[in-house]
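After the structure tokens below, expect a handful of questions from me.
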Amino acid sequence: MNTSEENFSPERRAAVLVETLPYIQHFSGETVVVKLGGNAMVDDELASQFAQDIVLMQSVGIKPVVVHGGAPQIGSMLDRLGMDSQFVDGLRVTDGDTLDVARMVLVGKVNRDIVSSINIHGPLAVGISGEDAGLITATSRHEDLGFVGEIQAVNPTIINGLLKEGHIPIVSSIGADDKGQAYNINADTVASSLAAALEAKRILYLTDIEGLRADMEDPESHISEITSSDLQNLIDNGTISGGMIPKAQACLEAVEAGVGSAHMVDGRISHVILLELFTDSGIGTMVLPDQEKK
Amino acid sequence: MNTSEENFSPERRAAVLVETLPYIQHFSGETVVVKLGGNAMVDDELASQFAQDIVLMQSVGIKPVVVHGGAPQIGSMLDRLGMDSQFVDGLRVTDGDTLDVARMVLVGKVNRDIVSSINIHGPLAVGISGEDAGLITATSRHEDLGFVGEIQAVNPTIINGLLKEGHIPIVSSIGADDKGQAYNINADTVASSLAAALEAKRILYLTDIEGLRADMEDPESHISEITSSDLQNLIDNGTISGGMIPKAQACLEAVEAGVGSAHMVDGRISHVILLELFTDSGIGTMVLPDQEKK
Amino acid sequence: MNTSEENFSPERRAAVLVETLPYIQHFSGETVVVKLGGNAMVDDELASQFAQDIVLMQSVGIKPVVVHGGAPQIGSMLDRLGMDSQFVDGLRVTDGDTLDVARMVLVGKVNRDIVSSINIHGPLAVGISGEDAGLITATSRHEDLGFVGEIQAVNPTIINGLLKEGHIPIVSSIGADDKGQAYNINADTVASSLAAALEAKRILYLTDIEGLRADMEDPESHISEITSSDLQNLIDNGTISGGMIPKAQACLEAVEAGVGSAHMVDGRISHVILLELFTDSGIGTMVLPDQEKK
Amino acid sequence: MNTSEENFSPERRAAVLVETLPYIQHFSGETVVVKLGGNAMVDDELASQFAQDIVLMQSVGIKPVVVHGGAPQIGSMLDRLGMDSQFVDGLRVTDGDTLDVARMVLVGKVNRDIVSSINIHGPLAVGISGEDAGLITATSRHEDLGFVGEIQAVNPTIINGLLKEGHIPIVSSIGADDKGQAYNINADTVASSLAAALEAKRILYLTDIEGLRADMEDPESHISEITSSDLQNLIDNGTISGGMIPKAQACLEAVEAGVGSAHMVDGRISHVILLELFTDSGIGTMVLPDQEKK
Amino acid sequence: MNTSEENFSPERRAAVLVETLPYIQHFSGETVVVKLGGNAMVDDELASQFAQDIVLMQSVGIKPVVVHGGAPQIGSMLDRLGMDSQFVDGLRVTDGDTLDVARMVLVGKVNRDIVSSINIHGPLAVGISGEDAGLITATSRHEDLGFVGEIQAVNPTIINGLLKEGHIPIVSSIGADDKGQAYNINADTVASSLAAALEAKRILYLTDIEGLRADMEDPESHISEITSSDLQNLIDNGTISGGMIPKAQACLEAVEAGVGSAHMVDGRISHVILLELFTDSGIGTMVLPDQEKK
Amino acid sequence: MNTSEENFSPERRAAVLVETLPYIQHFSGETVVVKLGGNAMVDDELASQFAQDIVLMQSVGIKPVVVHGGAPQIGSMLDRLGMDSQFVDGLRVTDGDTLDVARMVLVGKVNRDIVSSINIHGPLAVGISGEDAGLITATSRHEDLGFVGEIQAVNPTIINGLLKEGHIPIVSSIGADDKGQAYNINADTVASSLAAALEAKRILYLTDIEGLRADMEDPESHISEITSSDLQNLIDNGTISGGMIPKAQACLEAVEAGVGSAHMVDGRISHVILLELFTDSGIGTMVLPDQEKK
């Protein structure tokens, strides 16, 4: 970025700021949930830019909430510990020891790294697990899967309290039942449920894809905007398949639960959050409630 | 500005925003007083950019307060009304009728135009005269000058109330004594006194000059930073003379009364406020308290 | 008034205060809008008494809001500037220059004089124009009339904020559209719309008449109380005519929009506001919603 | 008072209100303690006027606190119960049964009658005994006197809470020690101690005398204003004697503890509180701190 | 109680506290009204334990409100004063003098003793009569009974204010009409009406009986829990008779007005309030709304 | 604990509660820091009792803050991962990988287990690491030790925010420098520094010892209370040695930094926190500031 100083005249830099004004006003005081995934979690440069983007959001009056998972990191630690896993329908069967490792990696490693990269800019981020203050009540998704959880209830009191004080919550996708048993939950689902509970204006899913395509083989068929019912149709008729389905489902859940819009954006692009929020450039795919298609 | 869209790649625009982050954080929650004068008041394009800059400040968490005078506009109206004025030491002798015209122009025309240009962006600006809620208590500067006033006390309660509610106060340089008699006061002095009373972090004077020069004849002798005692020396030894003296005096008053720094900036430059606050470019002249020279 | 000290025994003065108690309790914490017009604006003695009355209201816990116009003062300034006006249906055709003069006179002269006369008693009054903080959104009443406005929306946030802080808002009858264009609006209508938006308990119109008459020729036919539907009938059958119609219409608008009662009172009577609020004497004409006729 | 309606023209009534304005503004938001004693407690007409005065004070923004004793009423009840008392230095020796009767009369009869007469005007008055919420911590004044108490500490939390909610506290002159033992305390002393703890602006003692005299035999020697040290001299040199001494002492205690001024006023005069607070007439005797004599 | 120190090992004492935890959490922040009657008012040991129980409730986050009557104490004082009473349907005919005595005893003696016993533990209790701040508006129950009152309205503002400040209100069963006339009201009814107005979670009636019996002759027929409609049946079929009827009626009124449950408990048992609130032991009789029988 | 129901009569259980009242009142609203260590972290029964004790504290109005370390758990995980460590002066040399494991175990495992065991009782506990919201700023203790940290500053804003909302913070002994680098810090030191920053009334260290002894060989020489200077003497003269020194040092630091008292208690005793706070039994060793020895 150092080169930009050389390339931008002061006048052009002022122009950029002024162009950003309507976007800043649009999001002022609103909650935006960002699901962090893919390369943006592991590439140091992207991770540092992610932290800058989140802090910039907060500094201009937006309330960002970050949700993260970490399946690759969990798998890596299980390997280091020589613990084998079985999989059912692509989901890792999670016994007590595996859950302990998953939780340890998510809460004690992945979450911590995000908190640290943000707090270089000030005493802002606070790591939260779904067990804290009863944030996420979970139950077992299926008995064969062990402690893989699904969400029963979200109590956003702790998140609202942190936002009110100007903090940035970083949420690990763990929940607990009323016996204190923890569960590992799909982070996309945690993000959409939390966005709904927080009445967020927008939810962004950072992934390693460019967005939805009408034809997965054709990069030119990029979909920049779609309603929830049209998206449902694409799922039903098989246009969307494979790894795209969970992302699409999470977007559907979010907008159907009242979130203003859900966006799949390519986390491999530098400062993709700023581009998504503060320009009209049409990065990624925006999912809108049926009645609000522009 | 429309051309910028074409010239800037999204990546560069993100880079500009990220570079601005430390400045935004630095001024977050702080009060900044801007004295508006010169071309920026009468050139439509500059006036529109001024409004954008003020709204942008407010939208990123700064508390801007605008102070304005309007000697040329007052003179013009007096001419239209066929009212002649006498001058003593360059100051207009102000009888009751003249005061009425001056106040009418400042509060009813100049102030209104600033309010209107800002409120295009939202219900933000509120016009205030120094008579409102006892903001400025004044007395006669000299009996020969009539109702030309000097400040006796500033009660910033009304301004603080408006800032707390997220409003942008636009202040006309009028005061009143305890009999309800109004006075026309030098706007530079109103700005510095108000900045002191509000414990502002910074005061900007927009004028039609590029800043101070060590040698008025030599544009290369631009002074970008000076302490208050050094500035006093330049006044005392005659380096600063003529119309520059009141500006320099106002800067001195402000920093000596506790304002963090005072800046003379060239209001003829587009978006000069953004450049001054959000870049290191060193536009204009910064006056610092003696102990804080960087 | 000095003579009263001689005439009143202390006992009688105490008696007056005690008699006032139920009225004070009745209006405690309530908003009362006062439309100032006619002689009370131009007669120094009446203007001074008006200020006393408003301050007394505030000091006993009522929330007064003053609205004013100023057609004669505008006309006079236009004459001084040699600007002729055309009239359509009795309304001045208002081009850009005329609007500038009207706004300058209302906001910069008439409003200021009211603020000053009140603030002799303390730092209480704050002058507000309908453009401030988006108070009054207006549009053109008719294209032939130019910038004569009608009200589209009232956003009383700024007024409520000032009242909460113990201030007395003095409102000029100017509005603006979303382009920042100002309009001159009938002050009676501004008063009734504002009273409705503030959920005022009462609105008083100070004029130079004694109140409504069933027979305009017969001073004995004074109407002290009337319902809105009866008042509408008087308008429809022509009993009320000429200059009385706008006042009557404003009263109707106010009570139909939820204001407790609307009162036409004779602003030429000393301290007529106190007499109206704090005695049963039946000064002027009270307009009540249909269901509340006593 | 009904006759006043006939005698006062509306204009004169308005004049009275306007004359009262500066006094109302002077006391706005201030605490004023009124010690009720003498005829004003037992004469129905005076008691009713007292209630009106207190409610009027509250309705114009003053915070009144009433303190009362009731020696005659206690004596009367002891007589009805056939209980004899001994006296030491004019003070009733108070055993447990006597204390029970005293407290019952003060809290259960005298206090209740004051509360009732005020609450005819609204849900305002709340009866409080010094035992409530630890208001007055007391100890025995002298072992020979039994449960006659002197004040050790005043904790005004409960009174401040009631004032904040707009209530009017009516305080009985009872205290308690940390064992829960109640004491009967001189009400003048309770009033001055409470006024000091509340940082009251003024304390009024209603008694059956016209005020202090320089010569007790000469009604013409009325003292309308005196400093605390001059008052102390009058006590020391014997000018003030007998029943006047405790009143004078209480006034001294109050002003020396920081109360703005202490006033002895004649409770036999109708609405004497209003006359004292809202006119310059100079009723009674005002005791001022030494440095503030006008 | 001193012996307990010897008998309880620290471990057992900790165990008791831990067992209490769910009960404390259940009542945290809730209002519980306790009607004090019978022996607990006159037995010094029981009264002291009552005070401890109320303070313990407050110290663990419950909001206790105490209501009391005092018919025996009133009767005793009337006897001492040689005042005879007539009775109609078991109710004392109450003329003005009798009312004065009743009020004096309740407010000035019984209430005071409760306040004192509680405030040994801290500045907590505040005595309140139904006349204070318009708490209870009453009217005559029957013209033959004089100033025996029935409740027309409850305005709990003063009680809510005291609870919010951490105080414990002790309420005497007196009310007043809008003329300031006081009435003596059945304390059971005051308690149920107040519990309803405060949206209390529970109301406890302390009496000298063990609770309801299905067969009054058979101690084994104790009813530990009953719905309001079943209780109504027991009244209708005569199973409940005599002095039990008013208690049963008050319980019915409370639960029908929205109180969570009403409990008749034996005030002769040490610390019966703690046992009732903090154990499952099933002391006394619990009356539940129909839909909530466990 | 089930047996207690059988052994305790209701009366005795009430007696226990009443005896606890003064202790509850003493700690009401106060902050108490508990350093959890030793068996209480790994024995399921003790851990469950610990959770009960902490929740009971919170439910009676105390503000508990838990601090934990976890050296044995870190060592165990390093062993499972086959990572060897070097030790300098008994401190583990901590490179980047080791720090990652330590943080993962503390924040992701030990902290989580404490949070879960508490939240069985309600949505109360929130896990916090010293990196969150800038709680603990650290630097390297010694370059040879790597990322073993010492505390430079404590910013308790996040903890105060959580306490104000009724949450129970569980704090892991991790800090970070301004580059975002994490450090592992001695948990005893974190506890004492945090207690000082929170102005805690008391700090409890749960360890596997009974408390200090004047003669380590003689169990009879138990020290139940000691001043800080006496404790310093015992360290200086070698009476306290070995593993006791860090505990003793932490106690000294806490009381010298303003904490009311510091207590070493035996975490192997059931409900030792309740016994320590709510009885006079004299468990463990209390360290007092010099001036406050009882």
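The first chain written gets the first letter, and so on, giving A, B, C, D, E and F; residue counts start at 1 in each chain.
As a working rule, contacts are C-beta pairs under 8 Å (C-beta built on N, C-alpha and C of every residue); 3 or more make two chains touch, one makes a residue touch a chain.
Predicted, not measured: the structure shown is a model, and the values here were computed from it.
When the contact pairs of A-B are set against those of A-F, D-E or C-D, over half line up by residue number only for C-D.
Chain B and chain C have Cα centroids lying 35 Å from one another. With each centre defined as the average position of its C-alpha atoms, the distance from chain E to chain F rounds to 44 Å.
The distance from the centre of chain A to the centre of chain C, each centre being the mean of the chain's C-alpha atoms, comes to 56 Å. Multi-chain contact residues of chain B (touching two or more other chains) are listed as 122.
Order of chains round the closed ring, starting at chain A and going on to chain B, comes out as A, B, C, D, E, F.
Those residues of chain F lying in contact with chain A across their complex are 80-81, 100, 103-109, 111-112, 115-117, 119-120, 122-129, 131-135, 155, 157-158, 161-162, 165, 167, 176, 178-182. Residue ranges of chain F in contact with chain E, taken from their complex: 1, 4-5, 7-8, 10-21, 24-25, 28, 49, 52-53, 55-56, 59-61, 121-122, 270-271, 274-275, 278-279, 281, 283.
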